[in-house]
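Here subunit A shows up in two complexes: once beside subunit B, once beside subunit C.
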Partner chain A sequence: MSSNIKRAVSLYSYQEEYFLRKMSLEECIAAAAATGATGIEIVGEQSVLGCPKTPSEAFIEQWFGWMDKYKVTPVAHDMFLDYNKKKGHYWTDEEAVESFKKDIRFARSLGFKIIRVIVNTTPQIIEKVLPFAEENDIKLGIEVHAPWNINSAWMERHWEVMERTGTKHFGFIPDMGGFTRRLPRVQIERMIRNGADPEIAKYVCEQHEKGVMAEYTIYEVSKMSNRRIDMVVAEMSRHNTFVNPLSLVPHMDKIIHIHGKCLEMLEDYTEYSIPYKEVINVLKKYGYNGYIATEYEGNRHIQDVYEVDSVEQVRRHQEMLKNYINS
Partner chain B sequence: MYEKYMIVPERAKKNEKGFEIGARLPYYRGVSLSMVEEIEVSLDGETLPQSDVVITVHGNSYNLEQRENELDDRWEMGEVATLSVAKESDLKAGEHTIGLKINLRIGYMPFPSIRVAEKTVVIG
Partner chain C sequence: MGPLDKYILKEDALEATENGFQLKFQSHWYRSLPLSCMDFNLKINGQEIEKSKFKIKANGNEYTYKQLPELDKEWLYILDRGMLEVTQPMEKGKEYEVEFKYDLHIPYILVGPQATPLLASSVVTKNLVCQ
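Entry: the complex of A and B
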């Protein structure tokens, strides 16, 4: 069963090389395009100096020049709300809305049609900014990132805004990290390098894979060890959730974009932790036709001892998506 | 995250006030300077007062108070900033152990984002 699901790459995936100035912004775009992906996502405050200020005319021209040259389309910009930007002051809703509007102007100036809304954004803020998003034809997507899932209490409140307003400009952006069936091996190994007990780590991984509720595992580990690092390993089971991919089904028409999280792409084109085939089969069967944007994030767990090769990790992830989407 | 790259030893040297090191923000995006809650430098195990640290990003320098109030200028992702640390006593040229703790206020994180690093650097 083929599908209309489209493939994008978030340039966030190349953060290691970009951070170390081994790849320029143009080289990130070129690498994304070379995988066959047709869409580009960015974390604006990572990729563009001064973001969320609207970029200069010269940058905008260069940006669209790159889009033409590499035959890709701007898809999504990921925004943040720095509520506590000023020490000792928590933003009012009005201040948050003003910041949000800057991101909408930024996204529009570079041709993005979707904004990934950071998960701590309240439903009230969304409602206040929605008319401006509609005017600018920018779709807002609240990111459903583990440990939240699409049916969490917080997401139910956002869902209620979507239902009540009937808007076409607000929906969900699930992150595939919400389907972590096995705990990420790269992360576990890093914890062991940092001093975690390998036996406890093995136990936590086994319990997680069996679907045992994290609270049980955390309590059991608290009896085995009084070291904080072992508890952090146990708590990984709470943070890296797995829920049935069918949980997406009732919300399919509200899913506007998807983050294809990956931490370790294997040589056989599978992701170590996330059963992508199962999730993509659900997306295909129930008619999702937006983008899945590769979001490689394994670098942070291996950079202490290994050379990071984000380009290869993204390439494998895109190959995997292509196989599952078209099979 | 990025602890390994926080301290940039090639940029370490003595200066007229004490010494300076290069530093990268341990985060995947740039942030306004006001969000950098703490920059704590230690020298050979001695923690130095945070009020003695001046940060310079792309030519603009900020002391602690100025940094806390700087809502616009940003420490960009991967940008090597200079941390200049006042140190009265004469610093011996040669190898020193530098410690660096950076604490960021990130709105969506339920706890402070604290990263620490340590490196042996040559301060000439």
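Entry: the complex of A and C
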């Protein structure tokens, strides 16, 4: 089965440098393009002032100018549903749908063809917004994010909507964080710097790597320590899951995009926690067609002791993707 | 703890004004949020400032602390700084110990049986020279 895997970068990856104004939006796009990636993904409310309002004509013109200049394509916008912006007021489905439509208009105005739908969005809301997405030719992809996996009951409910409606505008966006075989070292080390017991952290890492169910590890740690921080370390095993990459196979035709999560790219172009080669081999063998977008997220765990270099982390991740896609 | 919590207060964050002082802060979250999702506590030299004294400024607009929970349409962009203005005298050029607790109630991450927004809270303690 032939696959066509393309490479993108989520500008979320450069959040540290962008936040500190070391890099402008244009410089983030340029850095992504310099890796050889051809697609751009954004978190709208991070990259574009005023999102999800439709940007001004001047911004739109500038945006497409950058796309041409750096020879990249807008691929995905990440949307969120702010259910509880006011204390005591929880959005109705209608309010959520209206917010969703704003994101669709926003995405369309900047040329994005895919919206990454935040994982807690209900299938009912997606079904209500689908006709509008179809009219605007925007594909919606439910984020398959740990602790859920593509075969979880929650995802099955979304799958039912895909099947029942037969739509071409709704699918899955797996996050590579769902294949975390080893707990992220940068995260564990940060927890130890924050006061977690190193021996407990070591135990949790070993249990996770052995594939022991997180709930058992959490229970064992609760007997070892009554400190909250040690429990947080144990709970990392619940929030950084590993499932067999073959779990993607039955859903391959419904995967519209992939988030290439990475927390620590090593000098040898591997990710410390995630066995990318295994996952990409499955994607290639079973015919995935779409982008993998680098999503570097390690900054938050190292910024207390190291200078963050997101550009280098993204570059290594893109090199790794290129190597595995082409091998 | 937020993903960018190290950078909430810059060295020039504390500034004397005609009526007192203002503290300039930047969000520690990766995505812009409205003011209604925020809360603040401030101590100067160990002394807690009464919240009713806060004036909150963002995007050229000014609000009382009491108005904060209603401000769901006033977003603070992640690259912009908001300001807390307090009518309490402060001496230009003098160093103060500032303890700023910045709570963000993340409106799209709902946790627990009551589905309440995740609390991302950061406390910054810094000695800052009043500008």
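We adopt the following convention: the second predicted complex is superposed on the first by the 324 of 327 C-alpha atoms of A that agree within 3 Å, B and C clash if a C-alpha of one lies under 4 Å from a C-alpha of the other, contacts with A are read in each partner's own complex, and residues count from 1 in each chain.
To be clear about the criterion, a contact is a pair of C-beta atoms (placed from the backbone, for glycine too) under 8 Å apart; a residue touches a chain by one contact, two chains touch by 3 or more.
Predicted model, so just to flag it, every value in this text is computed and none were measured.
Asks: Looking at the superposed three-chain arrangement on subunit A, would you call subunit B and subunit C a clash or a fit?
Replies: These partners clash in the superposed model.
Asks: Please work out whether A:Phe19 is in contact with subunit B alone, subunit C alone, both, or neither, and reply first, second, both or neither.
Replies: In the superposition, A:Phe19 touches subunit B and subunit C alike.
Asks: Of the partners subunit B and subunit C, which touch A:Ala234 in the superposed model: first, second, both, neither?
Replies: It touches nothing on subunit B or subunit C.
Asks: Where on subunit A do the contacts with subunit B and the contacts with subunit C coincide?
Replies: 12, 15, 18-21, 43, 45-46, 49-51, 80-87, 118, 120, 300, 303-304
Asks: Where on subunit C does subunit A make contact in their complex?
Replies: Subunit C residues touching subunit A: 2-4, 6-7, 26, 30-32, 34, 36-37, 69-70, 72, 75, 77-79, 105, 107-110, 115-117.
Asks: What does subunit A use to touch subunit B in their complex?
Replies: Interface residues on subunit A, with respect to subunit B: 12, 15, 18-21, 43, 45-46, 49-51, 80-87, 118-120, 300, 303-304.
Asks: If we count contacts the way the header does, which residues on subunit A are in touch with subunit C in the complex?
Replies: Spelled out, the residues of subunit A in touch with subunit C are 12, 15-16, 18-21, 43, 45-46, 49-51, 80-87, 90, 118, 120, 297, 299-300, 303-304.
Asks: Quick check on the complex: what are the subunit B residues that touch subunit A?
Replies: For this pair, the touching residues of subunit B are 1-5, 24, 28-32, 34-35, 37, 68-69, 71, 74, 76-78, 105-108.
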